[in-house]
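Structures for review follow.
There are two complexes below, and they share chain A, which is joined by chain B in the first and by chain C in the second.
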Partner chain A sequence: MKRKMNDSTVGYLFILPMVIVMIIIAIPLIQSVWMSFSDYYLLSGSRTHAFIGLENFRSVIGQTHFWKMTRVTAYYTLYSVAGKMVLGLLVALLLNSKIKGKGFVRSLIVIPWAMPGIVVAMLFTLALDPAYGMLNYLLEKTHLITQGIPFLSDVDLALPVVVTIGIWKNFPFTALMLLASLQGISPELYEAGRIDGANTWQQFRFITWPMILPVWLIMLILQIVGTIKEFDLIYLVTRGGPDLATNVIGLDIYRNAFKFFKLGVASAEGMMLMVICFVFAIVYYRYELRNG
Partner chain B sequence: MKRVKILNKALLYALVVIVALVLFLPLVMLLSYALRDNSEIITLDVRLFPKTFTTSAFLDVFSHELGGANFWVWFRNSCLTSGITALLATYIAALGGYGFTRYRFRGRRLFFFFIFFTQIMPWMVLLVPYYSLLVKTKMLNSLFSLGFSYLIINIPVSAWLFIGFFKNQPASLEEAARMDGCTILGAFHRIVLPLAIPSLSAIALFAFITGWGDFLFSSVIITSAKNLTLPLALQGFKGEHYILWSQIMAMASIMTIPIVALFLYLQKHMVNLMAGSIKE
Partner chain C sequence: MLKKACALVLIGTCLALAVFAAGTKKDPIHLYYSNWWMNDPIRGKNVEIACEEFNKQNPGVVVEPKTITSDSYWDQLYLDIASDSEADIVAVDTGAGITSYDSARPGGAFIALDKYIKGYVLKDGTSLEKDILFLNQTQRNGQTIALPYISFYAANTVYRKSVMKEAGIDPKKLETWSGQLEAAKALVKQGNGTPERYGFGHPTAVDVLTRWWTMHYLWTAGGGIFPMEKGPYTADRLIFNCKENVKALEYLVKLNKAAAPVGDRKYSDLWPLFENGSLATMQAALWTLSNLQQDMKPAGSFESDLAMAPFPVYDLDGQKRPPVYTTWGNPLAVSSVSKHPKEAFDFIAFMHSVEVQKRDCIAASPVNKKVLPYYSKLYPAQGAYVNTAIKYEMRSVPDIPQWGQFEVILTQTFNAALVGAKTPQEALDWGQAELVKILNTKK
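And now, the complex of A and B:
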């Protein structure tokens, strides 16, 4: 049988396995939306899961720690993203300059990225220990402090510390993408800049920055949506503590769902998080379409 | 003028060294903690390098037992759940990504938007209903349920990377193969995939580490010692009143070193892929 299939049929056949996967994703997603409006409590004997309207959202906002969680999430996202974007840019610029050994350092950038989150969490937990940790030891030896700092159990320090760990783990993504984009800038542009008498700063300001800005902005959005839902690193280092000081929304959902089994409330929180991610996603999508 | 130049150069190199240390030191620390005795970690005599090197922590990792299971069981569990699903996800995503870039069909934009959307979505949102489904169907604590979740979350990401990749790939070779009487699927398997092997491996590696380092899904789905994956088993060295740090670090090294090596090996392709996927 030599029937010629038309292009769109072939296309459909190629994407068919993925479409099935998408349906499998869509079902729990829809269910999650439904759960956020229902009385879904895993431990309750009743199996009715009655529709309760916005009750779950009301209880999310009514949680005594809701505003604290919002503040912590905002703080975490803001500083973490800022760190990833600034550090990523600086490192990319540094490794794009004409120096020996940059190839070697460039290859090191993947290390934080490749290390499993739990390994990073364990390592930093030990390194930051007030008694046995290497960091405190180093600070004491250099007489910067006289007593070990309990980085992870101090209410004021824990959040900045997990922000720093998160930056270390994820800035390589930004750095590598910016580096790739820096390498795409034609050297002739700098040549022309030098002829016109531009100094290093002016070359950056008027040649480099405009050329890498599109990629930087895309990375900014990707890092925002990636950071706002971060979970495992923070959870494994502090479990949200001390006194909920590092309790970002991802941890709160996890606790509500899998510790207290309040799946309805957890879904409601999940919906809030998803809407925020979605807003940034739309911005990104629009931006991509305009450029592509 | 010349002195300023030398000073600038020196500053630049100093910065490069600092960056290198920041990137590299944690890996050194990991190994150095793994290669010393536990009593040497829980002491006020802190050192970057161990006083006496010992591989006893590694031996402990291999002989450690928990609920009738040991390292090799957990290692197998991790390989099964992350490995098989990474291969499957890569293949399915390659088909989808290829179909999307080479063919025009109705609903193409919707398809693309869905791939895009699933990457933005927090996985937590899927995990909650998935968990309740597993509870209802008594499928909790199964490696199949865990692997299935990795498969599902990996496919959209991999497809996204494949779309970026195939867009920059000319279709001429497949077309030539088709002229020679190759079927469409034959050309895909014999021409397209073999040519894509470096990028294919990078995408498979991305998919692999999703499961390999996962804590979120596994901590929710797995509940018994014999089904633990490595990230969960790592916590088995932590008791109520003690933490066996060097054993943890030894096991963490075993989990980390091969992945870092693979990342270094495939770095160029990974970066090209990611870069290709963010600028269409």
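And now, the complex of A and C:
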């Protein structure tokens, strides 16, 4: 009896840190859910916050820029994820092949991912400056342009540029995960394929791709969830401008909360984002269940 | 047994002594002073010196400055007030609106100071009632809720005499809108692609503080947010998309396209360009003269080469309108949740003493009348700036609870127009609609 209790106690002690973390996460989450249904306007000078039902959610959808923000978020997520997944796969395939210096290259590609977001933002803000940036300097020197391009303050260019920066920063993580998966494929499979006359593309299609697909799908879902709630990189580079051209939902939540002090509206917007991320999390969970 | 008893008696005696000692020793009163200047090499140093001097003169009170960057200060202050956790002494900005911060707490975020001001005389003989200017600018509901501390004006146009001479341009051209545009275009020095020198600099970035750099253009053109920025501040009185504002913004767009560095620019991007000669003219507020004084190249050029012209006269469409300047101050208030309001008031009163004001007016205009005769001798450029500015009408932005939100919309409006994302009319129409929504948001 005493041994059983000790085993139980040990078990509870092991899960205790996780329980504490869950409680720490749960409290603000529950508070945020409550705020999304309350009249929580910081500048009202009132300390009472009445229940107002779905009014905050209606306010979010009623914002004049709501559909523009939705399009911008969808565009950013779609192209950023696609770029990270495709580039990550290509780099992983390259690093898995017989090339000289791949050890050195492997350590280099980690750098963008390891760099703090603020450093990446400052780097690109300086490099893309229309008057003094390196990129415009090179383009002018090679006579491709006659005057600097305002990459970050042009309404048509700002979003694609921010997508590119996001891809540059985050593709290494995908590449490294896929590389690990590639290295788990038995070389005998490729040998057997070669003996059967399979060319490079056929080897990729019938051996490599099916073997790495589970990891690729997991990375896809994780990247979607991570990208759709992006905030720091875009805030640091463009602040959501010019003219809300890069105003994704993460930035809009920040604006409503800390510029307009409409905490109820911001919480409602956060809940909507959470539901979207939750949907993808369920997709991931069901996929994991199905594949044991 | 005896040993145990002796040990217990000894421990008990020691504990009692410790409690007694702790009880008799009086902890100093600790006050926090929040401001956004601590990262400025000059103003931050001056704050430290002032705190040290006050602490020495007032044993038993320790005032400690809180470091918050200017970017995050304003949002942080709202959140602090809403959570009753702001500092005892708070620096505010009449351009940011004292009302908006004061109304963020039921009953007011700052205490009324009238009872403390009455009859208060500093050690140097300064009477708060008689010797301090602008006390009426820090009132709410008929009560004084802050002491003015320092004041500012914007904006004169600064230029280098040598550059104007080299380009063959009469500096008087800078005194009208049409002349400024012509001069700015002529001052651009083309290089291989990117100009070697730009003719004019204006902050365009979405997070720039509007009141310092753009409002005087709208006012001088005859526009603004409300007529003459006077109340009542209701949605039906908004004039943000009036034709005068459109004209002002169209002019700025033209000026930027013709002569300014391309892209999103903060003021902190522009003054280094002016300092190293890559920018020929720019607007300068009073506080930026201290930055130029520090860093302008080559050494000595601040004293010998810097000159300024008043904000230009509006002379477009056959009209002539004199300049309207922006004025604001950085008053100091005492938090209504401070446990030591009297001591906090003593500190903010101390900040109006002659010696503190003499030091601090390197970056501002003093509010202590006793300092004014010394001002031009101590800081000739700053004195010249103020003497130019005070000839003209001064206006402040509306001091309304929603000003913080207004500023977000204003900066977005100006940014959209200045980077070409929208036409000035489109941008101002959007801004007008958003401002109406803000005013109609029920409290």
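We adopt the following convention: the second predicted complex is superposed on the first by the 284 of 292 C-alpha atoms of A that agree within 3 Å, B and C clash if a C-alpha of one lies under 4 Å from a C-alpha of the other, contacts with A are read in each partner's own complex, and residues count from 1 in each chain.
Keep in mind that, in the parts below, a contact is a pair of C-beta atoms (placed from the backbone, for glycine too) under 8 Å apart; a residue touches a chain by one contact, two chains touch by 3 or more.
From a predicted model like this one, the values you see are computed outputs, not experimental measurements.
After superposition onto chain A, the partners chain B and chain C occupy overlapping space and clash. In the superposition on chain A, contact of A:134 is made with chain B only, not with chain C. Of the two partners chain B and chain C, it is B that touches the larger number of chain A residues. In the superposition on chain A, A:258 makes contact with both chain B and chain C. By the touch criterion defined above, A:270 reaches chain B but does not reach chain C. By the document's definition of touching, of the two partners only chain C reaches A:64; chain B does not.
Once chain A of one complex is fitted onto chain A of the other, the partner contacts of A:144 are absent, as it touches neither chain B nor chain C.
In the superposition on chain A, A:244 contacts chain C only, with no contact to chain B. In the superposition on chain A, contact is made by A:155 with chain C only, not with chain B.
Look at A:74: by the touch rule set out above, it reaches neither chain B nor chain C.
In the superposed pair of complexes, A:54 makes contact with neither chain B nor chain C.
Across the superposed pair, chain B and chain C both touch chain A at residues 42, 131-132, 137, 258. Note for the complex: chain B touches chain A at residues 9, 12-13, 15-16, 19-20, 22-24, 26-27, 29-30, 33, 41-44, 46, 48, 92-93, 95-96, 98-100, 102-106, 108, 111, 113-118, 120-133, 135, 151-152, 155-156, 159, 184, 209, 212-216, 219-220, 231, 234, 245, 248-249, 252, 255-256, 259-260, 262-264, 267, 270-272, 274-275, 278-280.
Interface residues of chain A facing chain C in the complex, by the touch rule stated above, are 41-47, 64, 129-132, 136-137, 140, 145-148, 150, 152-155, 238-245, 255, 258-262. Across the interface of their complex, chain B is touched by residues 7-8, 10-15, 17-19, 21-22, 24-25, 28-29, 31-32, 35, 40, 42, 91, 94-95, 97, 99, 101-102, 104-105, 107-120, 122-124, 126-127, 131-134, 137, 168, 172-173, 176-177, 179-181, 214-215, 218-219, 222, 225, 229, 231-232, 235-236, 250, 253-254, 257-258, 263, 266-267, 270-271, 273-274, 277-278, 280-281, 284-285, 288, 291-292 of chain A.
Of all residues in chain C, those touching chain A in their complex are 75, 78-79, 82, 100, 103-106, 192-195, 204-207, 261-264, 401-402, 404-405, 408, 412, 415-416, 419-422, 427, 430, 433-434, 438, 441, 443.
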